[in-house]
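Note that the chains are named A, B, C and D in the order they appear, and that numbering of residues resets to 1 at the start of each chain.
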Amino acid sequence: MSTVGAPTRRPKLPDARHLHPSGSAPKSSFQQGLASLVADRSAMIGLIVLLIAVGAAIFAPWIAPYDPNAGEGAAILAPPLSPGHLLGADQQGRDILSRILFGARLAFPEAMIPVAAAAIAGTILGLLGGFFKGIVGEIIMRSLDVLFAIPMVLLAIAIATTLGSGLPTVILSMAVVITPYIARVVATTTAQIRSAPFVDAARCAGFSEWRILRREILPHVIPSVVVYGTTNMGAMVVFAAGFGFLGLGAPPPAADWGAMISDGMKSLGSAPWVSTMPGIAIVAVSLAFNYLGDGLRVALDPRLRNRR
Amino acid sequence: MNARPDVPAPDEPAGVTTTGPLLEMSGLTVRFSSPAGEVHAVEDVSISIARNEAVGIVGESGSGKTVTCMSMMWLLPSPPARYVSGRINFDGEALPRTDERRIRRVRGAGIGMVFQNARLSFDPAYRLGSQIAEALRVHGAGRWGDVEGRVLETLRYCNIADPESVLRQFPHEVSGGVAQRVSIALALLIRPKLLIADEPTTALDLLSQLEVLSLLERVRREMSSSLVLVSHDLNVVRRIADRVIIMYAGRVVEEGPVEDIFAHPQHPYTQGLLASAAQRTERGRLYELPGQPPDLAALPPGCSFRPRCARAFARCNHMPPLYATAPGRHCRCFLLDPRGADD
Amino acid sequence: MLTYLAQRVAAAVPTMFGVSVVTFALLHIVPGGPVVAMLGLAASNPAAVAAITRDLGLDKPIWEQYLIWLKRALSGDFGMSTEFHVPVLSLVGPKLAHTLLLTAGSLVYAVVLGTIIGIVAAVHYRSVFDRAAMFVTLVGASAPVFWIGLLLSYLFAIRLGWLPAMGMTSIIGGSSPLIVLEHLILPAFANSIISMAVIARIVRSSMLEALVQPYVLAARARGLSRTRQVLVHAFRNVLPDAINITGLQVGFLFGGALIVEVVFAWPGVGYLIYSSIQARDYVTLQASVLIVSAVFVIVNLLADMARIALDPREQAA
Amino acid sequence: MTDEPFVSFDAVSVIYKRRRPRVDLVALDNLTFDVVRGRSVGIIGDSGSGKSTICRVAEGLVRPSSGRVLHDGTDMSRASARMWREARRHVALVFQDTLGSFNPMRPVLDSVGMPLLGYGDPTTAELRDAVGAVMEQVGLSPSQMTRYPHEFSGGQIQRLAIARALVTGPRLVLLDEPVSALDVSIRAQVLNLLSDLAASLDLTYLVISSDPGVPRHLTSEMLVLYDGRIVERAPTEVLFTRPLHPYTVSLLALHDAALGERIGHLADLRERDGITAQTGLVSVAPGHLVDMRPFPIPAGWSGGRAHAGLSPAGAGTQEYQRIENTTGTET
């Protein structure tokens, strides 16, 4: 049982004025976070766009007007808004709208799985690198430097080419490429918090180093990883499209946004929409992730969220 | 003791009336927009500074003292500051906020300013010497050659040992005390008619505070420029100022000659402040001003001090005017209403 | 100060070592081993496989192979390109220069435009320009480089015809610097947009922070003009961060250049890598990755030194 | 209850090795003092005089370079982490950076209740009750415990820090600059709270402050620290009425002009009692020790209206001069 010093005489003290700034009844931190996110208009727009896109990906087979890979001779290079093809058709007469819908089935896993994997690996590496000074920390940080030295695109291409193209390779290469960036975010946050007075306070309260890591450091690290991950998920969609563009993504005729743009390159002069349409989808999804990430940054930090 | 060097008193340009107040600020109201709402930093403040007078502005954090002294030369960039109202008259001429050219000529020449954290008020990327030269050049001081003599002399006047090496150093390479004395020297170099010091000793260690205070007292005695000293420390103001203005929640609550104010303060807040500072004890406990400092984004109706005032009564839920209680003495409290403080 | 630089240079050596190990390893995790990967279809003939294995010394223990490979690499011998049958170095060398030119071009765009946008947006905080600039840069940073390249190429080259859409030199104009420059404008700008967005946002946030610093307010109190406060004082303190970010951006620009070269058929290492991917020419691919990374490490080092030289506090630290 | 001092420093020195500039920083120089139950001790001195290091050494966050730290009489020099954990149970520390000592990402309930979680395993209900109780003790309503640190004003955060220190029923509380960040009008509230709690909970304090007035009402003995060493020590009221060392004089003169005018001085003491001032602290009166070594009086200390007590003949190191007590008013 806790050994609370039983006060012999409770001194009559002036009651401190009500809190400033006066706020409504205190909700749990989750409710406060949610309220802040909902109040953030741009974050909501981002979330809605993402939900629509994910919905499109899941229900693609049912809502797509055509089979994405079946070409229709008559519709070759049909311009947008032509009958039956809202966004037009490509060189093989395949409906661009359907291919974009099916393309989403590739784009989201290609972006989300690597970021999730890298978040876990990066957090562990970052915590070790940031929290434990000494040799362990040094080795980790130096090895991350190696990965930073190689330009992201090159590293990914090098991995993808040696392991052969295809979805698993793209996901693995992207995970390997992003992990160091997340690890660096975690390591810097951890290093900052490590020297904060409230960590000393925890030590004075008899906390073990591991408990400090779990109870004082993680509440700072997890939000920063979530925010960094979400914000950069958009960049990963763009990056993944790069694989498709270089022919390292899913093998043709699969509907991959990057590949669609690269296919459209041949007929750029006559049918620019073939390349333009998938690009717009990429930008929309990427922007949505950025805005959502920004909204989360405010929602997950008590200091920012109830400022609204 | 260093003999007073030839740091010339500000030469009076002909044609300007030397009578009348040096600076007249009337009806200054400044607000800031913040996430927590509109902050009423300064409300309808009017201050007049005579020539060769030292005025102390005392107030706790959030009282608006810094915003007030900075607004004497429209220093606060807006946004975020919003000048709702206020007129300034300096050295006999109006100083409209819109006349950027004239304001820039007054800033640093007519009025010199010294800040709380001296080391931070110098740009860390440049040596102290070049920043001093820059300030002089902006006010037409010509080549460094013919100014260097006066710079070194003024630095010595401010008790800077080895001024030559200090000029070559970067701000982070000198102590807080030295940096503050250099910034005072810089202000004096441009022969200001008014020197404003915003909490000059607060960020310094004790010994440096003594040095800077002694220097300010010397400047006060040996220079003819007026001085505005802003501080939360009553002892500092008592040593240097002739007149003192007490501010609370963005308004002037009391004003008068310094010994008068210290001998018999009239406003309850001033009384509380003096009692707290002098650590007077009543029945074994320190004198205590209850409650919290005001939240400038949610000021209560009526007198801002009412929530903490032991002598508040019904009438206090209106804002009392600044009553003139004696020549040169004002107090913003109904208790001092010449027509009697009828409850 | 010199000790700090020596440290930075010393730190670059293990990094380069790491890069060489990674690139060397890549060749060896190819499914079926490097030889099969290189021979591709001809791998079915065991005699050919044996010959190549002996020739490249692939039968020796792995670390010995690495040493041989490293010794030869340091002397500039990266082996023969299986696709073009010429020493890889002769292939990569000139193309690397073209990629550097393209990267430099996009770096100029990114730094100049990014910094200007960043400063103006910070000075006019929350103005129409600030909001518009931040939105446009965000969109720019959210779009794939090749897509932007294609759009620009379609608009300016194909529809308006102002600029050439392909290659670095034109048959008729030859390869005079002016012609090359003309070809450079579009790809360099396309490649610069993401980095421009990043630089603009970072310069803006650093400037916002610098503009509220006491020394800027003090400069204002001394009667300095607004331009002098912004440029001489505020921006001067943001410069080290800006250079640091620019250094990091070079890596992205390299990556982007590789892709933009494919869109504009710019004869650089990127285009070479693209074609060597198609041709399964691993030797060239591996050498290109190694050389590009080496150049990248050196560029990062230079950016680091520039930052330190500009920031007196760094020297003292 | 043993009457061993709660904490004692025995010739403790702390030297921080520094690479740039290569000179070592002597934070504490041969410090010896005890804190006995019921006799709170105040330590005053300039920032950078090593005051904060004392708290960190007492709490075991910093190991002394030489000398010993004792808790309840046991030497902690080679104490194990477990022994330190036990020692810290009875000694609470209120940090100088009060707001910084609260994790901004967690409601204050978790921070105030942290020592309980460290030393026991309370259920959430027990934790809430205990935190609620100590919050009421410091004048805050328990309903605010789910709020976050940045939602409180300076004075309230200070009370929360004190509440955290009380939660495990300590005997000794180390207060590092308890009120220096607060406005003058709020300070008295916190100081009165501290003196009430000392009476009601039988607490002993070690108060560290740059403002001499702060420990005056909480302590029975005061030490004056300069450059990590004690230059004067005396019962609190004696230090305020008859300060001797020039550094103490300047500390008092700065903060309270009136105090500064009641100044004795060192020189005539030395002549009358024939004490030759060679090394370290010399006892000039029961419980009143002064460091007789020459003390460098900075050049800038010239003149000053209420600062009549000190006018050095010139700059640089200076044997302490016989100074007229110009005011001559005895209270």
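FYI, a residue touches a chain if its C-beta (ideal position, glycine included) is under 8 Å from a C-beta of that chain, and two chains touch if they have at least 3 such contacts.
Predicted, not measured: the structure shown is a model, and the values here were computed from it.
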Any chance you could name the chains that touch chain A and chain B both?
C, D
Most distant chain from chain C by Cα centroid
D
In terms of C-beta pairs in contact, which of B-D and B-C ranks higher?
B-D
Using mean C-alpha positions as chain centres, tell me how far chain B is from chain D in Å, no decimals.
32
Chain B-chain C separation of Cα centroids, rounded to whole Å:
53
For chain A and chain D, what's the span in angstrom between their mean Cα positions?
49
Chain C-chain D separation of Cα centroids, rounded to whole Å:
56
Pull out every residue in chain D that's touching 2 or more other chains.
153, 155-156, 189
If a residue has to touch 2 or more other chains to count, which residues of chain C qualify?
316
Hunt down the residues of chain A that sit against at least two other chains at once, touch-wise.
14, 16, 20-21
Of all residues in chain A, those that touch chain D in their complex:
1-11, 13-16, 19-21, 23, 26, 28-29, 196-198, 200-207, 216, 219-220, 223, 301-303, 306
Quick one: which bits of chain A touch chain C in the complex? Just the residue numbers, please.
142-143, 145-155, 157-159, 161-164, 234-235, 238, 241-242, 245-248, 258, 261-262, 264-265, 268-269, 272, 275-276, 278-279, 282-283, 286-287, 290
Name, in rising order, each residue of chain C that touches chain A in their complex.
11, 14-16, 18-19, 22-23, 26-27, 29-31, 37, 138-139, 141-147, 150-151, 153-154, 158, 251-252, 254-256, 258-259, 262-263, 273-274, 277-278, 282, 285-286, 289, 292-293, 296-297, 300
Chain B-touching residues of chain C, taken from the complex the two chains share:
125-126, 213-215, 217-225, 228, 232-233, 236-237, 310-313, 316
Could you list, by residue number, the parts of chain B that touch chain D in their complex?
1, 60-61, 159, 161, 177, 205-207, 209-215, 217-218, 232, 234-235, 238-239, 272-273, 276-279, 281, 285-290, 292-293, 308
